[in-house]
Amino acid sequence: MQRWLGDIIRRNEARLLEYRRMGRAFRRDVLAVASLIVIIAFALGAIFAPWLTPYPEQGEGEPNLSEKFSPPSPEHPFGTDNLGRDVLARVLYGGRSSLSIGLMVVVIAVAIGTPLGALAGYFGGWVDELIMRVTDMFLAFPPLLLAIAIASALGNSFTNAMLAIAITWWPWYTRLVRAQTLSLREREFVAAARGMGVRTPTIIARHILPNVMTPVLVQATSDIGSAILTGAAMSFIGLGVRPPTADWGAMVSTGRVYFLGQPWFAAFPGLAIFLVTLAFNLLGDGIRDVADPQTRRSVQ
Amino acid sequence: MPRWEYLIRRLILSVLVLLGVTVITFTISRVVPSNPAALWVGPRPTQEQISRAREILGLDKPLPVQYIRYISALLQGDFGVSVRTHQPILTDLRTYLPATLELVIAAMLIALGIGLPLGVLAGAYKGTLVDAIARLIAVACVSMPTFWLALLFQLIFFSNLHWLPVSGRLSTVIKLTHPIEQVTGFYLIDSALAGDWELFRDALVHLILPAFTLSTYALGLTIRMTRSSMVEVLQERYITTARAAGLPEREIFFKFALKNAIVPTLTVLGLSFVYSLTGAILIEVIFSWHGLGTYVTEAVLAVDFPVIIAVTIIVTVFYVFINLALDWFQAILDPRVTLG
Amino acid sequence: MFGKYGRVTGLVAMLALMVAASIPVGGQAAAQAENVFVYVMDSTIPELDPSIDFSNEVVVMTNVYEPLVWYNPPGSEELVSPGLATSWDVSDDGMTWTFHLREGVTFHDGTPLTAEAVKQSIERTIEMGQGASFIWWPVEEINAVDDLTVEFKLSYPAPLDLIASSAYGAWIFSPQAAENGTEWFNEGHDGGTGPYMIQSRERGQNLVLTRYEDYWGGWEEGQFDTVVFLIVEDPLVRQQMIEAGEADFTLRLPLENVETLDDNPDVNVVIFQSYQNLLGFFNTRKPPLDDVRVRQALSYAYPYDQLINDVMMGYAVQAHGPVPTGMWGHSDDLPQYTYDLDRARELLAEAGYPDGGFELVWTYNTGNLDEEQAGEIYRASLAELGIELTLQPMTWEAQWDWALSDPENAQDIFVMYWWPTYVTPYDFLFNMFHSEEEPLFNLGYYNNPDFDELIDQADALTGTDRERAEELFIQAQEMLIEDAPALFLYDEMNIHYLRSDITGYVPNPAYANVVFVYQLRR
């Protein structure tokens, strides 16, 4: 990602200015900045979890039965769970699987969807027809059902849950990129490159893909939120990480049983899912506002 | 492209998509490690019972033969039998599908009823506090883990306030004392048709929590879509002209702006409808709402694939045809849209 | 926190408006007024054909049908007592059994109970070959000697009195009714002799029973007219229903809430030993678990006290071998493995694994919290021995399929519950540990000819010399415990919740979670 950004910057000074301008616009958007801070806070919390909690071994899953279901207190601000583990530690560790599932699903979906969309849009004809019909088929699938079916087929694990969601996700990017490519294909600089005899893969890589990346990034940012939500829903049903790995959806699922008596167990991981998803959605909106000239005009 | 030709093309493609979906689900169903023959027999099968069940279920035949058998039965409207309960799936669907549809439609109506006015207000008063609040509600709604919201609702409205029932479609006593004649399978409609208002009220009260929970996602989308199309429409030249001509604001909003803003809103609502058919899975389980969601969850946990495939196909059919209808509808209402 | 969050969404206010008049939740007092007993269960009732039913339908069937013989609740003098048969005798070789039927019994369709009806009932069950029909395997021939006498000729000696008391596959029903076929039963009909008849059924939702006025036992003032079975999957909801009086009976609530419910004067909590236990099969065909010393070491490494006291909250007892506490054939004198990591280290060292250094996979049923927590505490304990335990949740189907496919590559520890079809130690010992050519339920693939011979011999004696049979069964379990083909985790307790105004409930673990509503009064 970084190399790619650097490449763009070196190659296109004008674009650099544009990004700077977008950056300034973004900083004026209070909600988006706040969201970014929330996301960074959760990410740092997940990464540095072992140093942030006094109970790292509980975060990793070691039971501590003598303190089973302690209500929130100064020692355990979020209380403890059914095996006596500190819920705050579990929420911090749970961020590892929940955030990475969101991120990875989107990365995989973009990696599959973008090239397919570019191919379909650029070549048109039967290539387009074939790719788009397969896309239609995957779009027509009830997403959660397909993910559940795939996860139960592949067996229960973090990777499989992630793959299962990603498989239901990529078609959206194919559609988006295809539409963008269709219009780019007719633009002068692409026609010029074609005229100069530049090879097709080079055109797609150098001219098409960089130019579709902005809408893709905007979409991807909001999607991370939805992917986290879907991942949580899968773990809620019981398809996701293997215990004792902490996971927000799985914690709500287990905590649900105890919700009347010990509401803290399900409440805090649920709140974490909500906050992170909210933050990604707001961030996505913020980026869209500064990146999309049309809405920007309407905002001004 | 002429409209009828477009329609036929889309129909053919839809059938292909549906066929593809059956192939994929069928393949998945045979790859999954499971033992349908044993499931068919029950909790403590003997070896003889298992091998006999394999023959009954046709599992001893090669995969393509099994698929052709399945698809030809399906074309005659036969979804097969649940491996777990031996009950014809079609019979099950007759009770479960209306239950889910009642829930989902109620949720869509809530989303429309709250989302449309909120979106219009937000769009009309862009940049004000109202707009900010509406946008925050919208984004909160789409970010909400519904299974968690369902728990909160139960805690608040049942446990703490004792206002609403916690689960089911009817309370026990009502269910026993008010036999319901199944006409549509929608309890609200059936009870209203029968003029049984006690039953109607009971069904309505049971519907509120699950429907509100399920509506959140659609509500968020509706507010958002209505707001942005309002913003867009209000910038159009004819609105500016109307304003300049001194037409009252109210008339501008409702006569021109809303009329044009409603098309994209309905599109979003249509898609949320399909999304909610599966989104209802978690909510139905939490509220013990016996619909497609609980049906398919039980099937997933028991690896009862005929049921999983049947529900998948049903939802896919809804997706394909609602999409088709939406495109069509859009083209009729909005002459700027071209088909093709 | 909740209130603030509610304001954010704005839904609270909206809902408040809609229900401003505070619509009553309904249910409450009405159930009492109608003389209805409401049993709220946690999963669906799949099958109503009395020849096929083999799971939690038993809670319905026991109120609708009767067997020849009932198995008694624990603490009774005899194991069994008369049902539709008032007396019975067995030949000395245990090969011929004669049952004398009760007079004046009619089926719900009005036809009388006869020896011929008994013969046809059981023959139908055997011919259909489904569900628990295998309990009748020893039966070679059934004869209706006269109107009220049935004779069973067996092909090998078997305890037919116990078999006839089975919770599954032993119902006597009207042959006329049975001619309507399985689908007719499943539409919500029955052909039993019991105190209640099936009135209606909505699949997956509820089932209603109504009184059979001509029941041979007669009716007294105060007995229930109607029994409703409601299916509510969510334990929280079930708890709320019993607290609110919408349910008269329910089960499987979070163990953490038992005490709270016990403090509730409206709810009566009944706790008793069940005949269900939890085991973890060791894969005896796959290294390193093929070495008995490793299996013993792993048995010493289990923190049983934590499991019983902290996970199960004391509502279970540590198992003594595979036959559950309170059942005949169980002995508290059998040895138990205790949590002893030093002993485990010694045994591992003897077997050549002084620092552990291997990985094991523990498979259990997705969503089963008890099995999951049992794994989590084991994982922490094994980590101290240098053994890594992976917890793999799977659907029952997938878990079982893996175990049956290829023992050498199957999971290392297979966790599951067992309960008896009819109450005999042989059910536990044969199904789970008797050698099998093709694995079915012996999921640790244990193979010991001496053990096989011992339990087969005990089973043959069960009908004629129950004391001797019991000795042999206990001896066989000693052998098992020494060989450690499985972790014997706990014998579960049942916890049943009744409204406290209900009297007359006697729990009977032979019929899992059954309430004989005929015996109750409010």
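Labels A, B and C are assigned to the chains in the order they are written; within every chain, residues are numbered from 1.
To be clear about the criterion, a residue touches a chain if its C-beta (ideal position, glycine included) is under 8 Å from a C-beta of that chain, and two chains touch if they have at least 3 such contacts.
Values in this document were obtained by computation on a predicted structure and should not be read as measured data.
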item: Result of counting contacting C-beta pairs for A-B and A-C, higher pair; value: A-B
item: Per-chain Cα centre nearest the global Cα centre, belonging to chain; value: B
item: Whole-Å gap between the CA centroids of chain B and chain C; value: 38
item: Separation of mean Cα positions, chain C and chain A [Å, integer]; value: 45
item: Chain centre separation in whole Å, for chain B relative to chain A (CA means); value: 24
item: Touching two or more other chains - residue numbers and ranges from chain B; value: 32-33, 140, 144, 152, 154-155, 159, 286, 300-301, 303
item: Junction residues of chain C - those touching two or more other chains; value: 236, 240, 366-367, 395, 398
item: Contacts with 2+ other chains: residues of chain A; value: 152, 155, 238, 256, 259-260, 267, 271
item: Partner chain C, residues of chain A touching it in the complex; value: 61-63, 65-66, 68-69, 82-84, 152, 155-156, 238-239, 242-244, 254, 256-262, 267, 271
item: Interface residues, chain B side, partner chain A - complex; value: 13, 16-18, 20-21, 24-25, 28-29, 31-33, 139-140, 142-145, 147-148, 151-152, 154-155, 159, 231-232, 235, 274-275, 277-279, 281-282, 286, 296-297, 300-301, 303, 308, 311-312, 315-316, 319-320
item: Interface residues, chain C side, partner chain B - complex; value: 2, 5-6, 8-12, 14-15, 18-19, 22-23, 25-27, 30-31, 34, 36, 38, 44, 46-47, 52, 54-55, 129-132, 134, 182, 186, 202-206, 208, 226, 228, 230-234, 236-237, 240-241, 246, 366-367, 395-398, 400-402, 404-405, 421, 431, 438, 440-441
item: Residues of chain C touching chain A in the complex; value: 1, 235-236, 239-240, 254, 256-257, 260, 306, 310-311, 366-367, 369, 372-373, 375-377, 379-380, 390-395, 398
item: Footprint of chain B on chain A - complex, ascending; value: 133-134, 136-137, 139-146, 148-150, 152-153, 155, 225-226, 229, 232-233, 236-238, 249, 252-253, 256, 259-260, 263, 266-267, 270-271, 273-274, 277-278, 280-282, 285, 298
